[in-house]
Structures are given as structure tokens and as C-alpha cells.
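Multiple structures are listed underneath, in C-alpha cells.
Common to both upcoming complexes is chain A, partnered first by chain B, then by chain C.
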Partner chain A sequence: MNPVRLTFAVLAMAFAVMVLPDLVFAADPAPQPTRADYPAIKGFSARTLVWGLSQMHLFLAAFVLAVPLFVLCIELAGVLSGDDRYDNMAHEFMKISMAAYSFTALAGGGLAIALFLFYPHLMGYLLKVFKGQTLIYALLFGLESVCLYVYYYSWDALRYGDRKWYHMTIGLILNTVGLALLFVANAWAAFMMSPAGVGPDGAVTGTVWEATRNPLWNPLNLHRFLANIAYGGAIVGAYAAYRFLSEKSADLRAHYDWMGYTSNIIAVVGFLPLPFAGYWLMAEIYAYSQQMGITAMGGVLAWLFIIQAVLIGSILLAANYYLWCGLGRTDRGASYAPYVKYIAVVMVGGFLVWVTPHSLILTPQELQLMGGSHHKVLGPLGIMPAKNTAVNLMLVFTFLSFQMFYRSSRVPTVSWYKAGNAAIIALYVVGCLNIIAAGIYGYITPTVYKVGASVPQVVTTLSIIVFAAIIDGFMLKGATKTQVNWGRMTVRSQYALFVLPVAFTWLMALMGYIRSSLRTHWHVYTIMKDNSPEAYIPTIGEAGNIITVITLMFMALIVFIFWLSQLGATKQVPQRQAAVQPAAGAGS
Partner chain B sequence: MNQWVVLAATLVGWTAYFYGIDFLIMEGQGLPVNALLMPQ
Partner chain C sequence: MTLVRVLAFSVVVLLAYTLFANILPQVQSDPPTDEAPVAADGLDMPAMIAWGERLFSGKGTCTLCHNDLGRAPDLLKLNLAETWADRLGNANYEGEAKGEEGAAAIEIYLRESMVDTSAYVVPGFGKKGTNDTVSPMPAVDAAPISLSEVEMNALIAFLQDRTGVDVTVPLPTGDDGEDVAGDDEDGEEEGPAESAQVALDKYTCSACHDVNDSGADAGPPLHSLGAKLGRDGIREAILDPNATIAEGFEADMMPDDFGDQMRVSELDMIIDYLMTLDAKGDAQ
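The block that comes next holds the complex of A and B.
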């Protein structure tokens, strides 16, 4: 046989063996280890170690997978506009993520070792289900590394003309591989929540693809994809703020101010559709298992959603505050300042509604004083129609804040701009009234309508954003651009950029814990029980402490990564030159 | 075109649009909007 054909046939057979389970593996049920079967190290919490490592790995992976996505977009913007500043900024974004890449691999390696060491039966079972996919994952990881290094180090070598397109093609391959990695890893996590391709006893009955395409896979893919973009934007925004505050030169401060602004926009753009993706994920969780959904939203984990509301509210307030401060960059910005207080009222009001719990943990005396477990006035704000209304209005007004800044540096020249403004005002007024009306509708209807009415609210929010952007786009075409004084920002505004990654990190740790805890006492939901000594849901306090420690550790690592990035650009002055400079200075 | 005329016309237009999508989405979910809604 032709050697090429032979090689192809062998490879095809190997691939078939990997992806078709029944060819190789017997349909054994899932293992059911007893408590004694779990390897243990005395006084050492295996679960906390795995929890910490997996969360750290996820933070880092989210960051390093997200950055190349928007870097490629910025690179393309640089090519289309012919403005070198975009290219420089994109390159700098990549520089930050490069320092984080090796830490991602370290955390991933550490996680794999910890999992195989402490949970060998679970890992054995997952390998049995996903088989060759784990090898494909390793292959993709290797490919990701190669693409990432080639993409970063060839930046200057492939900077102009046709070569730039070659470079962007490498970036495209890098992002394709990165997304594939994300989706494969998501398949494993989603399989543990909603197993597919296996029988009730866990015996493998389907293909790897069936196990991959489990009910929660795509909702998780979308949610993590958007969250990664927002998270990556928030982290590089903090880097820009850090550099803005530490630089003395006006040019560099202007550069880092612009970088911070771009990062904030990336974070907001990723964040705006995120609640809807989260809503879809939760709806699919309910559809897959009502018990799992109730555990999340109505059981022990429900209180954590109040903390989630506080964190998301903080993110929105910080992002808006930064945008409002940005009005100071332009001379026309002052004319928009009077509207800020109205937006602030909506943001703070929405935040307060969102954090209002439905039922309270009360003492008997408090219950007696209140006349029940629900407050007469505030109680109705604790249910979903109120919260959906609040969050949708907050998102609409966040977009308005951005729109105001965008307009502050542009004077429309079209004759119909007053009519265009009227159409946009009408859009906001009617849209917001529709969101509120759909919320009220939820109060006067049965539960199924409450849930159903949240969808028109989402579509209304997206409609406002899309139509307002389209009308603005036409209206500001050919507009006279006024000077944007990059660097003319308050120091306080930069701290808003620090709030974003801290709140995002905390939020991701919190929600990661909730998602994982939904499986309760199962490794693989309803199929493989977790019989380890630590198979219990920790108290809210204990979980909060662990989440906070993980967040602090990651923030410390991020500060180290920022410092490394800056260190790489620092050059020591030769001793002779250093000695001459003070002397020259003294003589002048 | 007079901005007030546009404002009035777009108020009507957006109201029709949002009512339309509300109606279609609710009906699409099998939740008829004109049914007896109050919980009994």
C-alpha cells in the first residue's frame, strides 16, 4: 500500500478508536467509590486545593483566551483606520497576556495533578467517557502555545502591507484554537452537571460527541465566552490605570488613558449581554433538572445571588462612573454633565432593587415586628419581575452613559439631527416604559408568565441599544470631531478601573462555586456519587472566605504580572552614562 | 421636518414596535397575552 494511504488509514483508525467508545471500551457502569477509596493526606483539604487551583486556572485561562480575541479586533481596526496607535495598543495588550500564559499552564498542570491524586475514580470515569478528546485537548493546548508565541513575536516582523494580513491570519488561528480549548473544557464541566451519552448507571452508551453536546454545553459556552471578553477587558483596564497613575510623561498618560477607555468599553460590551446569557444558562438548568434549578435560586445557594447582585451592581456603577468622568476629556462634555445625576438615580435605584432579598433571615422578634417573613413594602421588590426590570434599566442607562461620551466629541452636521434626536428620545422613553410594563405584568400573572415576560424585557433592552446605535451612526456620519484631551482624567476615575477586575474576579469565583455546588453530593449529577469526606455544601461564610482568599491570591498574581510586563520594558542606564548625567545636570 | 412631529410619530411607531415584539414573543412561548391572567 502507498505509505501515504497507509499512514492516513492508521490515523483514521486511531481517530475512530478515540471518538467511538464502543469499539474499545465495554459498557461498564460509573464507579461508585466508598469513602475509604479516596486518597487522603491527613489534615489536608483535597477539595479546597482542587477548588483553589481550578478557580485560579479558570481566571488565568479566561484572561489569556480573551485578550487575543479583542486584540485581533483592535489590530483590524488599526489596519482599516491606518492609525498606528491601535496596533501599538494591541501589541501592548498581548504583552500583558504573555506574562500570564505560563501561569495558566502551571495552574492547569497543578489542577490535573491534584485531580488525579485525590479523585482518581472520577478522573478515570471522565477519561472513559471522553477518551481521545483529552488527547485532542492536549494537542490543542500545544497548538495554542505555538500560535500564541508566533503571533506575539512576529508582531513587528509582519507589521505592514500584505504581511499584516498573514499576521492577522495567525491571530485568527490562535483564537480558533483558543475557543476550541474553551469549548472542550466546558464540555467536561457541563457533562458533570448534565451527563449525556451515558446510561442511568453511567455506562457509556453514546459517542464522545453525544457526551460533549450535553444539554448545558452551549449555554455554558456562550456565558463563558462573553464573560471572558468582559473579564479580559477589565484586567487590561486595570493595567492601563496602573500605568496611567505611575507615568509622569503627558504623552504616556494620554496613551494609557486611551487604553483604559478602550478596555472599559471592551469590558462593558462583553458585559451588556452577559445577564441574558446567564439567564439562558439558568433556564436550561431548570429545564434539565427543576431540582437543580431550585437548589440554585430557591435553596441554600439563593442568598449568594444577593452577593452576586452587589458585585454586578458595583461593576455597573464603576463602569458608569468612569464614563461620566470621561466627559471631562472634551470641552462639550460639560453640556452632558447635568444628565448624569438622573442616570445615577436609575443606577442606584436599580442596584437597591436588585439587592433586596425576597425572604429575610430574621429573629422571632423581628418577624413579629414585621408581621411576617416578607416586608410589606420592600417584599415585592424581592421577586424576579422587579429584579429583571432593574437590571434591564441599568443596562440601558449604562449604554446611555457611553452614548453621551461618544457624542461629546462629535458635532452632527446632518440637517435632520434634531429629528434624529427626537427619534432616539422616543426610543428610550417607550423602551423603558415597555421594560417597566413587562415587569408589572409579571406581578399580575402566574409564574409561567413572570418568566415568559422577562424575554420581551431582554429584547427591548437589546432593541434600544441596537436602534440607538444605528440612528446615532447615521446621524454622526461626517460629524465634526472635537478635541478629546486624552490624559485629562481624574485620579479617582482610575480607581474605578481597579474596581472592575476585583469585582469581576470575586463574581466569577462566587458564580463558579454556585455552578459547581449545583451538583450537590454528585461528582456526575445522578450518575456518580461523591462519597469523599468533604462531600458537603459549605456554609455561606466558609465558601465566602475561600472565594475571597482565591480572589486575593489572583489579584496578587495579577499585580506581579503587571510588574513583570513593566520590568520587561525597563532598561538600566550604563554606569558610565549614569555618572555623566548628574554631572551634566549640575553644570547646566 | 419638525422635531415635535417626529417625536410624536416615533412615540407611536416605537410603541407599535415594542407592543408587537411583546405580543409575538409571548405568543411564541405559548403564553397568550389576552388570556385570563390573574392567578385564581
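The block that comes next holds the complex of A and C.
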């Protein structure tokens, strides 16, 4: 048969299987394997292996999918500004991500093998539900590889003029395919939490699209999309910080300082809306299954959100500390420095409120001393209204830290700048008061409306950020720019850029553990039980230890990837030349 | 050296997170076990009510929402004996209990609330945007809760008992046996012990108590308990061992989950047997 016709025929069949499953597959219920049906190797934890591989795959995939997204934006900034530094930095970011790509595929392959080996019934069922989508996933993966290699290797060939736009078009296609890959993978994970397109017994009753568009798919898509950007920014920030600390040349230190600053901004920009995406995901979880929501927020997993608060708190504190140190780069930065201590008070205070638990496990004596399981003063800080207030204020003040640095190198020239400043101050004051008032309202409204009470807080936070940026944008248009001394940063400040990827990596793994645990003892929630010997939710300590081991392995891999990308730029001097150079030096 | 410093710093940060995770309260959540404690033909009403209470906070997961946080009506504080007439007389109520009276109405209403959760939604507790016409509560006879008919009866018995009305649900019969015994998915569930001595061995009573000439002294001897405690006292000592501690012994020594482990027929056999033991431990 003609290859083109054959291709069309295969694609048509795949499409038919996808949209009309009952033509090919009988409507069998989901398999219900017993404990004996799970392949096992004595003394070997299949779940830990799958856990490790899937987390490693997710870390790498998040990184390699995120980097081209902001690289394309930086490339565009380079074209619009005509500044070659943007293009060089974007190229360098891609170089790091290229080395990670093959490891992503390797971890993905390992994960697939482990899943089919140890959980064949589950994988068989998912294949039955998603059918042709697996082919589409494979095709997308192939396309992603082609686009990625063409995008990277054509960088210098398509660098200027009209060719640059061709190059950016390839980047756009690369990102479109990358996002499609992310969304397809998310569909499987979300289906396991909130199955759709199947009957109560798991028999396929709908199309693949119905199974894909399950209740938690889009919230998960948004959450992972934003988290990937923040994560990618944090990883390349660590690369920049390491290079900054290693380089001796002032020019290179300036370059990597600027790179670190940009990476931090990318991480913060991706991170700021993340809690709101998290609210949406959680609200949809509650809407889908109140029981699942309570398992997360009020049940066995509730303590994990205290760890989450510690991790996010350390991310925000590190990002802010880095921004405060950045004020030292500009001569006008000193005029903003006195405000830092007030921001620090809000950040640390917010952090402490966030980590305050609602209740504690106490000895009878402690219980007697405290007069109950909840502390009279601190106990009220343990519930959501206090935490929502704290996190919103922390986000607002993080933006303020960034705004201060941005303004420290610009002197406004517009006549209305005093009025503009007053408007911005009023925006912050009124906004913060509104966030606090909405928090107080949260205390007096029934529990079921507490999540709803957080919406005005979120809207206020976003409003402050958006309107302050707009006013600043107009006010600083045509502003007199003062020198930014890139490279004038303390060594200590760079360590803040290492806290970000470590905390992000641990946080991602923790959230993966929570998301997976929400299914409790189900492979596919309410449809297919997990009867394997390891169908329990491990303790926080056990999970924490596994997460740390996975994070350490990932860090080792990232160090190797950084080394590879440096190795690629290293050229050996020919032997003859190497021998001549010292002699020439000695003679001069 | 830069690399070593950076790695050491990162590892220290990582270990700080790990340490924090390890000092928090540690709870492992196991898959729910079949909580049916009884052989179908051996269950009495107090045991049925006690089983319902365990289902209420255990497999039924009722306490997740029905607590004092306001997410759902607090069933432990609500007195249905006082409120049932208002609820069933509400214009929005079109359920099966309409026209019924007293404990029977409460039974029908509770059962309906569990399986057809939107038949009547208490004002203020409906899904957002549905004007209290759709309940957020899942049907308890479907996954993931999957209570059996008999388990729902036990829950109703518990709630009726708390309310102070007569318990109207039937005790399980022999026909309910398979239902009561649970899914037994792994095929590993043991059958009930055939005699009191076998039951005492099964639950390793003689490892700590002097019974059947075991001579153990970690717990008090099980001789002449009939005279000292009576039938109800022995039952309480097994099901709630910390309620009363024998002189010279400490609390929290004996497992307090025999109520979950034992079948009622086994419990009854053990009580019958212990009632017959004299001061020397011989059966009378």
C-alpha cells in the first residue's frame, strides 16, 4: 500500500478507536486484582520504585517543558529591545535544558517499564480507557524531540532579521507541542483521581475526550503549567548562581548576576499566581468529592500542608532576600533600604502564621496546661482565614520588593509622579486592609464558606499587583535610567538562589505525594481498588525520607547536567600550541 | 570548593525539611478493613449499636463532615427526636418518610439520607449554587464508602440510640452473613472460633492472663470473674479494657481493639466460658 494511504488508514483507525471505543472494545468493568495478582519481587518495594521514577520523570519533564516557554519570551524581548544579551542568555538556558532532555526520556521509559511490570492491570485498564491517545502521546513526543533539536541547533543559523521570526515560530510550535504533551499526561493522572467517561464499575461508557476532560484535568493543567515555569526559573537560577560564584572575570560575573536576577524574576512570576491555581484545584476537588477534599485539608494529610507552608515560606523569604540584596546593585537602592525591615517583619510574621497548626498532639499534662487542644491565642491562627491572609500579604510584599528594585534604577520624569506615588501607596494600604478585613470575615462565616471568603483576598492581591504595575509602567515611561552595577552582589545572596530549587524540588515531590494519596486505597478513585501490599498512605516521616532521597538523586543529576553544559563549551588547546604558550610567556 | 560549599548548603537545607517532616505527628493510613465484628447470627443490639458507632467514625467516614466545624449538620449534637417532624414536614421534603411517625420515620429518613442524599437537603448545607437542592454528601452505599445494607442498619441503630428513640432496624440474620462478613477480597479472613478455648488462644488471652493453666501474670487472672464482674462487666473489660483497671495493674496494657477483631459469637463464647470459671480456674 502507498505509505501515505497507509499512514492515513492507521490514523483513521486510531481516531475511530479513540472516539468510538465500543466498536472495538467490549464494555468490560475495571479489573479488580487481588493481592496475589500483583507481581512482586521479595524484599523489593515496587511502589517506591514507581514513586521514585515518576517523580524523577516529573522533575525533569517540568524543567525541559518550562525552559522553552520562558526562553521564547526572552528571545522576543531580545528582538524587541535589540539587545543581544537577551538572545545569548536565552541560548544558554536552552543549552542547559538540552542536556536534561534525554534524561527525561530515560526516566519516562523506566517509569513505563516499572508500571507495566508491577501494575499491569492498572496500566491495561488505562490503555483501554485512553486507547488511541497513547499513540497521540508517542507522536507528540516524537514531534517535541524534532522541534527541540531544530530550535536549539538552528539558533545561530536563524539569529537575525526575518530568519529570527522563523526561529521563534519553531519555538512557538515547540511550546505548543510541549504543552499538549503536558496536558495529555495530566489527563491520565487526573482521570485516576476523578474518573469520567466510565460507569460506576469502570466500564467504558464515553469517548476518550470525556475521560480526558474529567473534573480535575483543567485545574491540574493550570497548576502544573505555572509550577513548571516557577521550577524552571529556580533551576536555571541555581545554574547562574553557581557560575557567578565560580567565575573570576568581572564581565562574566555581571552576566551571571543578570542571569540569576532574571531567573529569580521568572521563578517569582510563575510562583505568584500559583496559590490561586492551588485554590482552584482544591475547590474543584471539594466540588468533585467533598470526602477527598477533607482527606487533604482536614484528614490524615492535613499536617502536610504545614510542611508545605514551611517550604513556600522559605521560597518567599529566599526570593525576597535576594531582591533586597539586589538593592546594592544600584546607587539609589540605599534610599529604599530602610523599608526592607518592615517588609521583613510582614514576611516573617506571615510565615509564622502560616506554619501555626490548628491543633497539636499533646500529652495530658500539656493539654491541662494549655486548657484544651487549641491554644487560646495562637489556636485561631491555625485556621484558613488567618493563613489566607498571611499568604496574600506575603505575595503582595514580595511584589513590593521587586518593585523597589525596579524603581531603584529609574528616576521618573513625568510631572504627576507625586500623585502616582500617592496612588500606589493608597493601593497598597487599601488593598492590605481589605485582605485583613476579608480574613476577619472568614472567622465569622461558616466553614463551608471559608474557601469562598478567600476569593476577595485573591482578587485584591492580583489587583494590587496589576494596578501597581500599570501605574509604574506609565509613571516610569521615559524615566531617567541610572546605572545598574551587575555583579555587585554579595556571595551570601547567591545562596538564596540555591534555596529556591531545593525547596521547589522538595515541594513538588511533597505535592505529588499528597495528590497521589488523595486517592487513598484506590488506583482509580471509586472505580479500581488498590489491593497491592503497599496500598497504604505512608507516614509523613517515611514520605519525607523518600522525597529527600529522590531530591538528592535529582540534585546529583542536575549537577551532572550543569557539568555537561559547561563541558560542551570547553575547548582543549592543541598540544603544540599549549607547549608554545608557556615558552612564549617565559620569553616576554 | 565552590561546588562542595554549594552542595553542602543544599544538603543541609534538604535535611532541615526532612527533619521537620519526621518530628511532626506520624500517622500511617491503612486501607479500611472490614469492620464487621460479628457472625450474622450472634449479634445483639448493644453490639450492633457499638458497631454503628465505629462505622460512624471509621469506614463510614461520617465524622469527616458531620462534626462541629459546620460543614454538615453535627449528628452527634442533633436531636432527631425533636427535629424530625420539622424536617419531614418541610415543603421541600418529598421523600419516603413522609407520613411516617417517630422512630420508624427516623429510620426511613436516615436510610434515605445515606443513599439518596439529595432527597432532602438541610437549608444551608447544599452544594454551592444549587439553592440547597443538591447535597454534597456521597451515597454511602457506593464507592468509595461502600457500606453494606447491614452496616447502614448498624449506623441507623447507633444514631437512633443516640437520639433516645427505639431502635427499629433489624438485627442481622443468617442470610446477611455474607454481607456482614464483608468483601473478604483476599480470601484470608479467618472464620469464627469454634469454642471458647480456641477463641482465647486466637486472641492470645492466655499470654497475659492466667487462664487454662497458662500461669501468665502480666494481667489479672481470669478466674471467678462471673462473681466479681458479672456478664456485663466481663464484656466491658474485653471491649473497653481501660474503663476499669484491676488493682495492681496499669492502664493501656491490654489492646483496646478487640471490639473490632472479635465476632460477637466469639465474644459471647468467651464470656459464657469465663462466667463458668471458679476461683481455681476450673469450669463449673
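Rule of thumb we're sticking to: the second predicted complex is superposed on the first by the 569 of 588 C-alpha atoms of A that agree within 3 Å, B and C clash if a C-alpha of one lies under 4 Å from a C-alpha of the other, contacts with A are read in each partner's own complex, and residues count from 1 in each chain.
In the analysis below, a residue touches a chain if its C-beta (ideal position, glycine included) is under 8 Å from a C-beta of that chain, and two chains touch if they have at least 3 such contacts.
Being a predicted model, the structure only gives us computed values, none of them experimental.
In the superposed model, more residues of chain A are touched by C than by the other of chain B and chain C.
In the superposed model, A:460 lies in contact with chain B only, and not with chain C. Of the two partner chains placed by the overlay, only chain C lies in contact with A:551; chain B stays clear of it. Looking at the shared chain after the overlay, A:438 reaches chain B, while chain C stays out of its contact range. When the shared chain is aligned, chain B comes close enough to touch A:423, but chain C does not.
In the superposed model, A:211 lies in contact with neither chain B nor chain C. Contacts of A:281 after superposition: neither chain B nor chain C is touched.
In the overlay built on the shared chain, the residue A:452 is in contact with chain B and with chain C. Across the superposed pair, chain B and chain C both touch chain A at residues 446, 448, 452. Chain C makes touch with chain A in their complex at residues 2-3, 6-7, 9-11, 13-15, 17-18, 20-22, 24-32, 61, 64-65, 69-71, 124-125, 127-128, 136-138, 142-145, 185-187. Chain A meets chain C in the complex at residues 32, 34-36, 200, 241-242, 245-246, 286-287, 289-291, 294-295, 298-300, 303, 306-307, 310-311, 314, 361, 446-448, 452, 495, 498-499, 502-503, 506, 517, 520-522, 525-527, 529-531, 535-545, 547-548, 551-552, 555, 559.
Interface residues of chain B, counted against chain A in their complex, comprise 1-4, 6-7, 10-11, 13-15, 17-19, 21-22, 25-26, 29, 31, 37-39. Interface residues of chain A facing chain B in the complex, by the touch rule stated above, are 416, 418-419, 421-423, 425-427, 429-431, 434, 438, 441, 444-446, 448-449, 452-453, 455-456, 459-460, 463.
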